[in-house]
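I have placed the structure first, in the form of structure tokens, so that the comments after it can refer back to it.
Letters A, B and C name the chains as they come in the text, with residue numbers starting at 1 for each one.
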Amino acid sequence: MSDAPETPDPEVRDPETRHPETRHPETRHPETRRAIEAVLTAATEPVEPRLLAELLELPVTTIEAVCDELAAAYDDERRGFMLARVAGGYRFQTHPDLAPYVERYVLEGQHSRLSVPALETLAIVAYKQPISRGQVSAIRGVNVEATMTTLLQRGYVEEIGRDPGPGQAVLYGTTTSFLERLGLHSLHDLPPLGDFVPDASVVEALERGLRVSDTPAAATPESLAE
Amino acid sequence: MPYEVRTPVFEGPFDLLLHLILRQEVELWEVSLSAIVDGYLAELERLQADASEPLDLETATEFLLIAATLVELKARRLLPGLDDAELDDELLRFEERDLLLARLLECKTFKDAAGALDALIRRADQSVPRRLGPEEPFRSLAPDPLESIAPSALRTAALRMLAAKPVPVVDIDHVAPVRASVRDAVDTVLRLLPASEPMSFRSLVAGVDHRLELVVRFLAILELYKQGMVDLVQFNNFGDLVVRRLQANEAAAALGAYDLDEWDEAPAPMAVRDAEEIRS
Amino acid sequence: MSDAPETPDPEVRDPETRHPETRHPETRHPETRRAIEAVLTAATEPVEPRLLAELLELPVTTIEAVCDELAAAYDDERRGFMLARVAGGYRFQTHPDLAPYVERYVLEGQHSRLSVPALETLAIVAYKQPISRGQVSAIRGVNVEATMTTLLQRGYVEEIGRDPGPGQAVLYGTTTSFLERLGLHSLHDLPPLGDFVPDASVVEALERGLRVSDTPAAATPESLAE
């Protein structure tokens, strides 16, 4: 609301008085660059390169090249905004350096934190999708009903199919909002799960803890007394 | 070595077990299975006694499954002649222990992955996307999202929100893919087990590849043992477990009366009583 | 959120890594420029110079000077966006030159769907109005603050009264423009929910608001039974 329709700013009319564009690295495609900037300014969600290509009637590769140049140029010029590739598309966003100012402006944090159980459940869905609630529960060792409902309502996970086997369990996967929330371009940008496999010392500690025949030292009278 | 559990809130059995085992790396060489089992059972009792935060059925079941496995491990360790370290490494391992280990490692892996996701989220929070959208006159050009919505879709959404919520426990979605219930496993074991010939645990679980199913089948055998329907023999230390039907009880296959259901679908108050049943 | 970050001095942030910014006329205030760019990128409405001045802890005149420089620079660099002063504030908007692209994007490219949470919240308000945010939250099982704000901004719902009880909660209902967009004459034209029985928790959520304000005498047998 509050949006009084306004007349175009008189100062910026008059395309005749154009300056030569010798100063920008992306000058190879000056009009492409301008059009991309305009569309991304109007966008409220990441704009896919394919859509930009259609709007501008150019090949996707050209769009991607110009966007890359633009992103690098903003970075180089130390702009307060950046051109980011998120959730399959391009968007303008604030530069992380300026977070202190932006946080003060955006008074309410738009996002509430995810709880630890929610994060763990989300991690399992992200790496094991498609996956059923039952399978997530089996990995976590707890009922994940409530947590999954929260994640569904927040729009980070969604139904993406059904298990063909008996029971036809609903299978879940992560959403575009999930990628946006994490600032990732695609699922391929998740750190590999292998990075988190516990290292040898942890494995050894666990193994020792569950060893059936204790080292003699550990077989204390107390433990035998039971 | 008194283990008092200073709790953070343990959300599930793996949380608890990981905490008990990994709580102090300094004590790594002193970690004892006994102490872990005791700590685990103590915490389980505390959780069950805590009326303010009742365990849901699935979680309680999972806690008990792990408790049963731990108690079984401890029982084996207390058998004489088991502290031969060489045998521990070289001879056959106990499936249930390895299963538990595998599940703990998996759980730990995802805990750490969750930490990484959190870090990504925190980083992403440093940037705010542009959301102002197009200015006038473009704004009025955009089709109103409501225009693509039929009144019937609104009705459907209202019904979905206002209608009775499904009771989670009745939802078989989360049971089906695992396909493991102790009751079914008991039936399977009885079917597989010849009347007169003993059979090894390994053969009884041949072809079972899901961890939980393995655990459940093992529990089924423990159940049958508890009821005096089978005998368990181990010919060698760390040898395969041999399961043999007890002739006297063969006729008593009228097992239905026994409340196996408690494993699978009993109402929540099961907790304390069952813990004792398992340990007895 | 809202833990106020300590104020970074806009002028002294890592001068080491600063690029020689000879190309920008606004070099006198590089960090001010960046901060303004960031805040305007995050803004969802025009930002008054006075607010920018507060956020950056600088005089309004400095803010205005830097914004003027920025606007001129964007114009000079022939950006696809421009910094415009409208409705008493500054905002980024698309350059009129690029109107054809923006128009096509808005008409064709933008996915203007109603999100599932928005649809569900709207449905509850439509069928159960007048209703408070708290009651909607109780039915949906999540906080609906943000979703309700969106619906208010879109003009689908509005305040239609106050709960007479002690809390004086604001009560919401749907607007005439909501009906128009659905192609309905009145609320009576909404498809009837039929003879289905709402869940007990829903009944409870709807009664809660009333019950608070009820005098004990007004307590119904049902509410006493709980």
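The definition used in the following text is that a residue touches a chain if its C-beta (ideal position, glycine included) is under 8 Å from a C-beta of that chain, and two chains touch if they have at least 3 such contacts.
Note that this is a predicted model, so its numbers are computed, not measured.
By number of C-beta pairs in contact, A-B leads when A-B and B-C are compared. Chain centres were defined as the mean of their Cα atoms; on that basis the chain farthest from subunit B turns out to be C.
One simple way to say how far apart two chains are is to compare their mean CA positions; for subunit A and subunit C this gives 22 Å. Centre to centre, using the average C-alpha position, subunit A and subunit B are separated by 31 Å. If you average the Cα atoms of subunit B and of subunit C, the two centres end up 43 Å apart. Across the assembly, subunit B contributes residues 128, 130-132, 134-135, 138-139 that each touch 2 or more other chains.
Within subunit A, contacts with two or more other chains are made by residues 3-4, 6, 41-44, 81, 92-95, 99, 102, 106, 109-110. Across the complex, subunit A is touched by residues 1, 11-15, 18, 20-22, 25, 28-36, 38, 56-59, 62, 66, 73, 76-78, 82-85, 87-88, 94, 97, 100-101, 103-118, 120-121, 123-139, 168, 171-179, 211-212, 238 of subunit B.
Residue ranges of subunit B in contact with subunit C, taken from their complex: 128, 130-132, 134-135, 138-139, 141-149, 151-155, 157-165. Residues 3-6, 40-44, 46, 81-82, 84, 86, 91-96, 99, 102, 106, 109-111, 114, 116-117, 119-120, 122-124, 126-127, 132-135, 137-143, 145, 163, 165-170, 180-184, 191, 193, 195-198, 201-220, 222-224, 226 of subunit A touch subunit B in their complex.
For subunit A in complex with subunit C, the residues that touch the partner chain are 1-4, 6, 8-9, 11-13, 15, 18-19, 21, 23-24, 30, 33-39, 41-45, 47, 51, 54-56, 76-81, 92-95, 97-110, 112, 149-150, 153-155. Listing the residues of subunit C that touch subunit B in their complex gives 41-45, 86, 91-94, 99, 102-103, 105-107, 110, 112-114, 119-120, 122-124, 126-128, 139-140, 154, 156, 178, 181-184, 189-193, 196-202.
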